[in-house]
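For reference, the structure I am asking about is given below.
Per-chain residue numbering starts at 1, and chain names A, B and C are given in the order in which the chains are listed.
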Amino acid sequence: MLELRLVQGSLMKKVMESIKDLVNDANFDCSATGFSLQAMDSSHVALVALLLRSEGFEHYRCDRNISMGMNLNNMSKMLKCAGNDDIITIKADDGSDTVTFMFESPTQDKISDFEMKLMDIDSEHLGIPEAEYHAIVRMPSAEFARICKDLSSIGDTVVISVTKEGVKFSTRGDIGTANIVCRQNTTVDKPEEATIIEMNEPVSLTFALRYMNSFTKATPLSSMVTISLSSELPVVVEYKIAEMGYIRFYLAPKIEEDEDETRP
Amino acid sequence: MLELRLVQGSLMKKVMESIKDLVNDANFDCSATGFSLQAMDSSHVALVALLLRSEGFEHYRCDRNISMGMNLNNMSKMLKCAGNDDIITIKADDGSDTVTFMFESPTQDKISDFEMKLMDIDSEHLGIPEAEYHAIVRMPSAEFARICKDLSSIGDTVVISVTKEGVKFSTRGDIGTANIVCRQNTTVDKPEEATIIEMNEPVSLTFALRYMNSFTKATPLSSMVTISLSSELPVVVEYKIAEMGYIRFYLAPKIEEDEDETRP
Amino acid sequence: MLELRLVQGSLMKKVMESIKDLVNDANFDCSATGFSLQAMDSSHVALVALLLRSEGFEHYRCDRNISMGMNLNNMSKMLKCAGNDDIITIKADDGSDTVTFMFESPTQDKISDFEMKLMDIDSEHLGIPEAEYHAIVRMPSAEFARICKDLSSIGDTVVISVTKEGVKFSTRGDIGTANIVCRQNTTVDKPEEATIIEMNEPVSLTFALRYMNSFTKATPLSSMVTISLSSELPVVVEYKIAEMGYIRFYLAPKIEEDEDETRP
């Protein structure tokens, strides 16, 4: 039997909004550790990894490891019916082919049960090793989202270049070129306004803006985003989920001629 | 001669928004008692009845009973041109084939006259007898609107079931099932947050969500909605209009097999 | 070399939003006096004239007169990437076929460069003589925008008639007629709420609402609009840009029979 009670139900709604456009169907894995998901996007280019640790739930019962295949669009439709202040409980009986989402209003006057059919989904869990990155950029998530959106009006790809002074986002399109530089800045009034750069060596990588824009759907989950870059690895765009875990997006760089000069 | 002056002009705008999607053309009936309308929706399934009592108008002159046929979409276009704080006056000369809507801004600096052609519309006034209902639910109108909207994302029909403890709204669709229970609750801080159930006998009836959603366009008119249910009668969904009257929507239940068990 | 630094960058964004739907491509003319534009709309019916005086810029360097042909839609795409509090600098090297828009965030932490190709555009600068008008109406710009929008839901043209008492906007369409009268009113709490009429002789002229609605895109630039009317001249709809200049729209009246009576 599975019963996960999350007081801050709006968080689960935000998680769904973050991934439902990227992933159609996915297995949610439930264990004593937490509630997690790992899935490729529908075009098998990007990978999303979600973790909500068991400690973050008010009540967390998971008698045995279980993998529940869900259509994320349908799951999102149901979770949208939860109020922003509602408590959300995810329930499944052992061996059942359905999952139930229960929403309780703060006053307990309104109780909703939504039952959804589970699906059989083939998936293999990829081991993602901890890796060393050439550069790690931590910056306000809203700023990153704004930059990806702005650059999309000019071009299709973004070159992210990190130096000690800052991070540069560039694009090029039919109507012209754009370069946006965010300077390292740690002396800010609010910690969530800082732009912090950890760099081992300069790096300059090209990515499809379409995916970057899709990742920024997770912006409401966290005021900061962390972008980990290495010329040999997919970029990791990570949004921490306060006291619970994270959502991480992985995307391989595009191999382009003008990148070669930055490669060792 | 007809001259009806309504200081709270926004109310007339809200009335039009409530019914214009449901009804195309309708006769507005004007008498010493008030300004009223009774009309079937364009597919002849639902009935809407509006009453604005003469006492609610600042000035009300209606020399003789008159029935004015109007296209509600055109009337809505004109009323949308009134400011939310404008005073609205409806004027018609005896025997005229036009009606005039006059809008006065609060400062009297802007005066608008909109003149619209009247139409000949065949209609028969149905007598709607006062009836006994098995159950009457009074609940926040925004809550009812939210529930109808939420259930529409899952299914096409709603089963409304009333017991002493509360009212249950259920639906079923391709992606799963949903049940929303609102408990009776009279001990609230604000009276408009109460959910009050008067029940003579349990009732469970099925309705098309499409119509229910249409009725909830009247939500801005009142913070409360009253739903009167009986297994032998159309449901009445009523929004009171403060100090003036009401707008009532009537809809026959759908006859479905799973309803039979609740019938006597 | 050209370098124009505008602290209030949002103003340049609003200017672009005002004209980009009306004009596709246009030459921006830069001289010691200021940054200006004069262009016909794409159907050659309306004329727009913009002036931003050099004194309004924080820094203004223009070594020699230069005319820069730009696609306004592309320019707008780039300026939309500027934050509302950003400082905007327009830069061009002598003989260059590109222009650069630089955006600096208030904290200087984010610096963006957008480079756009210039175009060769044939254009002749029309001399617009100062003229005497029969009537000049000064009124709140939001009110004028609302009136044009409201009348568009009824008809295609607006008759603007000025008398000493006020200005009347009228239209006629399939569903009826509309008349909106704004009275002269100089005794208001805030100067920007006044409606002031200067009249030498009564005037009544007809214009296409489509263009009037397009002009009102400039509403965010100024709380007041000035409408100058004469039966022998195009109407001028002017929005002053505080401490910098103006944007003016010119539109010839429509010749219609019911106008004849107001002609001398």
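List of remarks:
FYI, a contact is a pair of C-beta atoms (placed from the backbone, for glycine too) under 8 Å apart; a residue touches a chain by one contact, two chains touch by 3 or more.
None of these values were measured; they are calculated from a predicted model.
Any chain touching chain A that also touches chain B appears here: C.
Chain copies chain A and chain C are related through a rotation whose angle, from the C-alpha fit, is 120° to the nearest 5. If you average the CA atoms of chain B and of chain C, the two centres end up 44 Å from each other.
The multi-chain contact residues of chain A, meaning those touching 2 or more other chains, do not exist; every residue touches at most one other chain. By the touch rule above, chain A contacts chain B in their complex via residues 71, 74, 77-78, 80-81, 98, 107-117. On chain C, the positions that touch chain B within their shared complex are 143, 150-151, 153-154, 175-183, 185, 195.
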